[in-house]
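You will see two complexes here that share chain A, one where it goes with chain B and one where it goes with chain C.
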Partner chain A sequence: MFQNRAEGLALALPAAIFAAIVFVLPVIILLSGGLHVGGHWSGEAYIRFFGGSLNRLVLWRTLELGVLVTLVAAVVGYASAFAIVGLSASAKGRMIGLVVLPLMISPVARTYAWFVILGRTGMVNKALILVGLTDRPVRFLFTETAVFIGLLQLFLPLMVISLVSALENMPRDVVPAARVLGANWLQIFFKVVLPLTREGLVIGGTLVFTGAVTAYITPAILGGSKVLTLVTLLYQRVTIANDLVSASVIALLLIVMSFGANLLLKRLATARNRT
Partner chain B sequence: MTSSLTRSVVLALLLLFLVGPFIVIIAASFSGGDTLAFPPQGFSLQWVVKVFMVQSFRSSFALSMFLAVFATFAALVLGIPASYALARYRIPFGETVRTVVSSPIIVPGIIVGLALLRYLVVPFRIDVILALFLAHTALVLPYAVRVVSASLDNLRSDIEEAAVLLGSSRLGAFFRVVMPNIRGGILAAFILGFVTSFNQVPVSLFLSGPGVQTLPIDMLGYMERTYDPSVAALSSLLAFMSIGIVFLAERFIGFSRYV
Partner chain C sequence: MKKTLIASAAVLLLAMGNAHADEKTLTISVYAFAQDAYGKIVYRPFEKICGCKIVVETGNSAERLAKMEANKANPVIDMAVMSMADALEASRKGLIDKIDTSKLSNYDKLYDIAKDPNKDGMSIGYTFYATSIAYRSDKATVNSWNDLFSKKLAGQVAFPDVTTNQGPPALYMLGIAMGKNTPDLKAPIEEVGKHRNDIVTFYNRSSQLVQLFEQGEIWAAPIGRFAWAPIHKLDVPIKWATPKEGQTGGMNVMVVTKGSKNRDLALKFMDFWLSTPVQKGLADALVDSPANKDVKVSPEVADNITYGADTAASLKLIPSAIDLENRNKWLQEWNAEVAQ
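Showing the complex of A and B:
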């Protein structure tokens, strides 16, 4: 540890000043735009925003998609993480590589794949017609289901890797011990595994929820203007109506949701631990 | 604890869901037909060839490459000294500095893009490309600081103190002792930053103008206008590019240790 404060500050300040000017200040001005309307501070913009039924629907849908994606990712994530930690070291490395790989690939390309799979002439519709379940193509694109599937595929890897590292840090013999003492699998999961891996679940859950709620590409491609989420609504309000006040309200909602999810998950995890 | 059969089934389903879609777009890129379909009708390379013929793809690819390389470079130039100061010095408001430089990762990209456009680019009449460069630098900065900080935390600080005691200047000690030891971390930060910037959509969304578009934004526009498999072909090419980069990075620096 070096004591020369001036030297330390001189090294750190360029980055801090850059981030403050290019990022922090513009975002603060944007957020204040919804609270400071017509020359005075008021919550008027928020009252008007929540008065619109479309806005309420979109907010609700965004939350619902975020919660659903997070829950399903947690269930699938635990199953996958258990399967992965049981592998031999080299197989585990390859498997984690395959799980992480999609994260490095353009989300546009990843979402576009679902466009091909779920489209009118896509694989799913061809299969449905072939087995005679339907005689006309079913519309999957531009539904909440399509957005849900796209988001899950996009963010599941984050949950899996968080849970894999959490399970790896769990002492190996606790599960056999609980088994010997007569616990069933449900008891083992909720009383032993969950409390010991809650940190990984909180990290994974926060990443997945925040990612799902603030995603632009997936709802834009797979939901279109039929299935708006807060982010696509924000984009539409700005580009179509130049409505910066609504944009500011939505921006604050998104930030509150991201931070709120983090706090709530942390609280839930510690509450579970105390019982 | 899981029997090996259930384990294989779970892993097969996981891979089908995560990796399967890529196989579909790769197959669709070699389609002989005119519209997007899977299974593809016939085989041809026409869509792969078309990707290289579309003028806007060429210019947006060049812009995305330029941004990814230079924004990441700029983020490292700002981020390495900042990480070093945060790791080795007791500075006033150190935590505030860390929060400020990491903040672009916490706030949704679309908000960053909009705020920049309205309150920096428009009032100060900043050029579109410069605006994109600034935005991407801010976006990559948190990754650079996080990865480089982690490398510095793993490096004992007494070796550079020893170098200083033996007569090296502080700067000399940094370049001759610290830098060679965190080279892997810096390279990993560069790759992570490059990929983040190259794939970035929400931040660039508002900042892209007519004629000045990053590749992913251009692809989004193209797929709204046309329904041919060229976007599938381009997606496959990008997927191969990412796989190549990650493979090489893993091979030479053990990339996954850093991210």
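Showing the complex of A and C:
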């Protein structure tokens, strides 16, 4: 396409310089904050961070929420994506529009809606009492359940969209072919569909997991200080304690978790493909 | 065509630059609650007088202090309001300047306790408040700070986080109620930890409580009187407790940031805020109890704020120095006993 390599490089240079200045450099400065304390380099900040039982608990809770949200999003996402792919072109457009719609609403408004829905006098509790599942309102707000629900709703569309595009690229006749050859639905999913759509799953999974572990508004509003996650803890360390060292440690943990999730998902997907 | 475009863009830029240069701005950092009322009673009228623009940042006292420390070399805000203890800390950290009270025409009208609460000339009280327990009178009765953990209120209480202004005073009163009031607040913090699961949330901003009361999420919470008005107006029966151990509270003070370029404007603004009509306006709106002793309010208003020198003197306050000395210890104990 380009006449020579140099031309291509020259075209890429402005963007590369821009990214280096506004992204790479700040990230390096930010992360060095946790390793360069009081004028010398040491891992002391990390040792201190992991020494705190509250910090370990929050890290574990964040991982747990991230994994759970990603798993459930994958299951629900596959089901919805299958349903959407099977529709006529115009209905498909409408359905994708509906799936994407929540992404266009401010997360603050969306999360506050959950605050009302999950409240003691909210829709969910009214319904539970009406059908006789409980005789007094269940406490949802400021629990991990509320944060889980909020995060799932927030990030599910990303999974659905990724899986829809992956399923659309899958040859249409593979499922009937597998049926004819005697595979049951479970076998079809794991041996045919999953390997053929793994890239969509990896992209969707990475987006959902990264989003879930780095979200601030949802855990802050629906969880509060009783359900701290790494990000709300980071906020607390910076705004209340002015403790930028711990904040930098948490920032590194979040980056490692995001990359780790991406690598792990890729590994899982290729491993599944080989069988 | 191209020339015209460039010329018009240049004119636009010049015009914008001028507008910028003409308009003085005063950046203030205040609490998040009742901003509509402050806008109407304090900010907008002052903007008309000074021909300047007020930029408002909001957050709680601890957040503000952390931000001021982070921006020490290049202060963003010109004046701030905070708790007495945070003002003492800000002064010790060299974040604020002495206040030139000769430029405040309303200074002599203040109650004595508000004139220089930390005795260092660095802050001026603009309001004080009682802290007690607001509770749903149709669900329970509260006669003691211990009643927060009564069976009836289990699972229905919001407690202030230890890092907020209301946290330590509420713990202090709980300690008195338990008969174990030491400055380290060890016993009350352990007590809160023991009842952790009966507490709905540890709140960070009083403004959160309105929705929690309205939705029936909580039936009781220790709150400052300044947050009472919107809760009192809700369509649910809520009362202000007068516990037998007494009420606690605090004073909020004004400070000026060291290195601020708008010192004179900031002092003018503070003087305006302390003036009798403005302090009365804030009292009538049930926002702030006046620190200006010339303010006279109706009995109905007096009933809903913290009014008068006697009331102020009767509040059991934690001295700023004790607060500062023990703060880290409280947070450590809290993180070990309550936060997990």
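Assorted remarks:
Throughout what follows, the second predicted complex is superposed on the first by the 241 of 275 C-alpha atoms of A that agree within 3 Å, B and C clash if a C-alpha of one lies under 4 Å from a C-alpha of the other, contacts with A are read in each partner's own complex, and residues count from 1 in each chain.
Please note the rule applied: a residue touches a chain if its C-beta (ideal position, glycine included) is under 8 Å from a C-beta of that chain, and two chains touch if they have at least 3 such contacts.
No experiment lies behind these values; they were computed from the predicted model shown.
When the two complexes are overlaid on their common chain A, residue A:19 makes contact with chain B while staying clear of chain C. The larger set of touched chain A residues comes from B, when the choice is between chain B and chain C.
Touch criterion met: A:107 reaches chain B, while chain C stays clear of it. In the superposition on chain A, A:57 contacts chain C only, with no contact to chain B. Of the two partner chains placed by the overlay, only chain C lies in contact with A:139; chain B stays clear of it. Contact with both chain B and chain C is seen for A:238 once the two complexes are overlaid on the shared chain.
After overlaying the two complexes on the shared chain, residue contacts for A:115 are found with chain B and with chain C alike. Shared interface residues of chain A, touching chain B in one complex and chain C in the other, are 115-116, 119, 121-122, 238, 244.
Interface residues of chain B, counted against chain A in their complex, comprise 1-2, 6-7, 10-11, 14-15, 17-19, 21-22, 24-25, 28, 35-39, 78-79, 81-82, 84-86, 88-92, 94, 97, 100-101, 103-104, 106-112, 114-116, 118-120, 134-135, 137-138, 141, 145, 157, 170, 195, 198-199, 201-202, 205-206, 216, 219-220, 223, 231-232, 234-236, 238-239, 242-243, 245-246, 250, 256. Listing the residues of chain A that touch chain C in their complex gives 52-54, 57, 115-116, 119-122, 139, 141-142, 224-226, 228, 236, 238-242, 244. By the touch rule above, chain A contacts chain B in their complex via residues 1-5, 7-9, 11-16, 18-27, 29-30, 76, 79-80, 82-84, 86-87, 95-102, 104-110, 112-117, 119, 121-123, 126, 153, 156-157, 160, 175-176, 179, 214, 216-217, 220-221, 231, 234-235, 238, 244, 247, 251, 254-255, 258-259. Those residues of chain C lying in contact with chain A across their complex are 59, 62-63, 65-67, 69-70, 155, 161, 163, 196, 199-204, 211, 215-217, 331, 335-336, 339-340.
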